[in-house]
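Shared between the two complexes below is chain A, which pairs with chain B and chain C, respectively.
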Partner chain A sequence: MNMFLHELKAYRKSTITWTFTLVGLIILLLSMFPAISEEAETFKKLMEGFPEGIRLALGLAVENIGSILGFYSYIFLYVSLFGAIQAMILGVSILSKEVREKTADFLLTKPVTRTQIVTSKLMAAFTSLLITNVFYLGAATMMVSLVETKEYSTKIFLLLSLTLFFLQLIFLALGIIVSIAVPKIKSVLSISLGTVFAFFIIGALVSTTGDDALRYLTPFKYFDFAYIMQNSSYESSFMMVGIAFIVIAITASYLIYSKRDIHAV
Partner chain B sequence: MNVVEINNLTKYYGKERGIIDVSFNVEEKEIFGFIGPNGAGKSTTIRTLLALIYPTSGSAKIFGKDCIKYGPEIKKEIGYLPSEVFYYDKMKVIDLLKYSASFYKKDCSKRIRELADTMDLNLNKKIDDLSFGNKKKVGIVQGLLHEPKLIILDEPTSGLDPLMQQKFFELLQEENQKGATILFSSHILGEVQRMCNRVAIIKEGKIIQLEKISALQENNYKKIRVQTIASLDPNYFNIAGVSNLAVSQNMISFLFKGNINSIMKKISEIEIINVWVEEPDLEEIFLHFYEKGA
Partner chain C sequence: MNVFKREMRANRKALIIWSIGLVLMIASSMGKYAGLSASGQSINDLLGQMPQSLKAVMGMGSFDLTTAMGYFGVLFIYLAMMATIHAAMLGANIISKEERDKTAEFLFLKPISRNKIITSKLLASLVNILILNLVTFVSSILMVQRYSKGEAVIGDITRLMFGMFFLQLIFLFIGTLTAAGSKHPKTAPTLAAGILLLTFMLSIGIDLNNRLENLKYFTPFKYFDAKNLIHPPGLEPAYLILSVVIIAVMVSATYIFYKNRDLNV
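For the complex of A and B:
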């Protein structure tokens, strides 16, 4: 428990910053909805002028940009990009920072098992993401009810919003396994941004092909917003792959970290 | 009873040598010195004892329990001070020490104050703002605050001024008298000589000598200097048992191990102005070991 609290405290600043970023982003983007829905027809025409490939890559489903959920699912792409960066940075840094800041000797000569160390750190990261998501969801719900006067499905709205948390968990697991597989990480930021943007771009490219099998390549495509809106549910095959990846990555991290030599600085 | 038992401990980093076949015991309430130059394998041995790294072969026991398998359990009673201390920079000293204490299920706050007073450490500063020597003090307090039964020190004195070193040694002796066993690694022989009962000397990953400090010093080693009237054949004293022979004009100095009569006879056969027969300090014996092997 002491390690968990210590870690949570260490990430307090980053949690607050990211929470504010995501909350600010969703408030900003959703506040544009009234203007866009009024001009939906003009906007559609403008969009139709774009080549189809670009529209697909940007995730623009022209038909429903005028509805709140359609608009939300469009802007959500950018929210999830930011969310993925937050989770990835957290994942990459949480175990590697002991080595980078040379505090591993301190922690590992205490009467704790390495499993306990990993668990505490994981729980702290998980809690940090949970806090961000609670505040995000609160802000998003409030904004949506402010800008939209018509009826909309709360269930679909929640399903869409919760994909942020799932996506973040996938990137958290990815970050942790990367930090364990790469022996010495000098810059957490560059490795995190690089990875997230790579997956984001793959996601954009996959969109243009329309090939479903390719969607397994990037977590950004595990949740198809059009599908969620139509069926009010997630696609189970992609959910399975996501969960399987998280389980495997976390298990592998525990195993590798327990067996690893901690070298002197 | 042995507090530490090391049996044929071997560690390779890939193909690189760490330590080979290291075996020695540290008895209860002993201050045990572990000396060797940088890169000889002192830290490797200590880091294996602390389960920071895993041995390639061999094993070690602390308090009679395997140091890897029962690592977390035995670490309750171990205090460790690394050669270079790094802590969470943004924390205040007192917060770090409290965090450290929170791992041991006892109240250490009184002990923290005592130690900080002794070491003249300001508890309210940020770790970031501390000098190297002061960080080292944090390390000392951190290593001793839970009153461990075994204290492991890896080159502990670097960065401490002589006054603080003195205080630190007094502190260690106090702990030792209260019943703590101390494993003390160093490349500074003076401090080992001063502190320790027994010593293991490590070279290129292997233990080359394991002795009582007193035995190491006695062991018939004599440091002899002779001042002669006339200059002498440099090889005059080059007989069995003589090492570190140095001749400069009329001064001859060397270490001698063997029957003292044979060397006295040699000296009596020449005209001398003065002669000094001394106990060599560890440093000289040590150099001797190293040169012999080289």
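For the complex of A and C:
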């Protein structure tokens, strides 16, 4: 419990900063909705002069942006990018910082097992992400009800917003396993930003092909917003892969960390 | 000279990894273009009339996606983002790592002035970002030429890479300045990354909403916008001068701050 509280306190400032960033970002992006929804309306009229086939191909996308959920699913890309960075940094740093800051010998000589150490640190990271998500969800819900006058499905909105939390958990697990697998981490940020952007760009490339098998490569594509909006549920196969990855990564982290050589100074 | 050599060696592995990452990215995304170029001209007509903000939300920008060069223009912002992350992290770490790794005492007891140390470190980072830029330059030309069906691309790519080099320089020196100015060595990379993400989001915000147009001087990503670099006006002297001024100010500030810095040992 002491370790849990200590970690939570150590990450207080970063949790607050990230929460404010995400809340600010969603407020900024959603406040643009009224203007864009108008433009989408005009553009739909303009499209009537074009052949049927093209109208169908593009029409769906335009129709989507005009509605609040469609618009939300487009801008959510940037929110998920920031969320993933937060989770990855947290995951990479939380176990590796003891060695980097030369506090490992202090902590590991205390009468606690390594398993307990990993557990408290994991719980602290989880709580920090949970806090961020609660505030994000509150801000997003408020903003959406402010800018949208028409009815929308609250369930789909919640499902879309919750993907942020799942994505963060995946990146948290990834960060932890990376921090344990790499022998010595000097700069947490370089590794985290590099990895997250690599996955983000793979995601951007995958979406131009529409190949489903490739979507397993990047967590950013585990949640297909079009699918969520049509079926109001997640795709079970991707959900399973995500959960399996988290479970394997965390278990492996426990196993490796409990046997690992840790340099004291 | 010794410090310079030492830094080149210390950053060699990271540089190789970043170079491979960028080359892979260019190769894989231009490979995707082959499939895309098959679609007809009429989609392009329709896209031409689509409001700017809608295209920005969908991540297309105002590029002619049926030509290899237009497709590369969409890719450019991602390339620039990767290169600037590398530059900012390099700049922040190369200055702050001595204090972080507790090697500051060792280095600063040597009979060389602080200015000399900073100069060697800055030179080493300059060579690093130049190499990364050249790798991107050569692989872009090779890949785009393969798909461009004989169109002239070298001029466009040269302008784009020139712009990217300026972006790299600006963020490199943002990194060194934060490292020279911040109280704790740990905060420098975080601060540099924060500035980078903030300016990046601002440039996306400007694309989404015309009313933010006046803020474009606050984000370097807008100084070298791919669509301006490919089409006229090309490289605008006003932005070039502004960048040179920003770079000059930050370099001198780095020297001044670091000279008077109270080192954490």
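Please note the rule applied: the second predicted complex is superposed on the first by the 242 of 265 C-alpha atoms of A that agree within 3 Å, B and C clash if a C-alpha of one lies under 4 Å from a C-alpha of the other, contacts with A are read in each partner's own complex, and residues count from 1 in each chain.
Assume contacts are C-beta pairs under 8 Å (C-beta built on N, C-alpha and C of every residue); 3 or more make two chains touch, one makes a residue touch a chain.
Everything quoted here is computed from the prediction, not taken from an experiment.
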**Study point:** Which of chain B and chain C A:N2 touches, first, second, both or neither
**Key:** first
Practice item. Applying the touch criterion given at the start, work out whether A:K259 contacts chain B, chain C, both or neither, answering first, second, both or neither. Key: first
Review point. Should A:L46 be classified as contacting the first partner (chain B), the second (chain C), both, or neither?
Key: second
Review point. Once the shared chain is lined up, is A:L164 touching chain B (first), chain C (second), both, or neither of them?
Key: neither
Practice item. Tell me which partner A:A204 touches in the superposition: chain B (first), chain C (second), both or neither. Key: second
Practice item. Once the structures are superposed on A, label A:L22 by its partner contacts, choosing first (chain B), second (chain C), both or neither. Key: neither
Review point. A:L174 contacts which: chain B (first), chain C (second), both, neither?
Key: neither
Review point. Which touches a greater number of chain A residues, chain B or chain C?
Key: C
Practice item. Tell me which partner A:I75 touches in the superposition: chain B (first), chain C (second), both or neither. Key: second
Review point. Of the residues on chain A, which ones does chain B touch that chain C also touches?
Key: 102
Study note, to complete from the structure: Listed in rising order, chain C residues that touch chain A in their complex are 14, 17-18, 21, 25, 28-29, 32, 35-36, 42-43, 45-47, 49-51, 53-54, 57-59, 78, 81-82, 85, 89, 93, 97, 100-102, 189-190, 193, 197, 201, 204-205, 208-209
Review point. Can you list the residues on chain A that touch chain C in the complex?
Key: 25, 28-29, 32, 35-36, 39-40, 42-43, 46-47, 50-51, 54, 57-58, 61-62, 65, 71, 74-75, 77-78, 82, 85, 102, 186-187, 189-190, 193-194, 197-198, 201, 204-205, 208-209
Check your understanding: So in the complex, which bits of chain A are touching chain B?
Key -> 2, 6, 10, 101-106, 108-113, 116, 259, 261-265
Revision key, fill the gap. In the complex, chain B touches chain A at residues 13, 43, 47, 50-54, 71-76, 78, 80, 82, 84, 86-89, 99-100, 102-104, 142
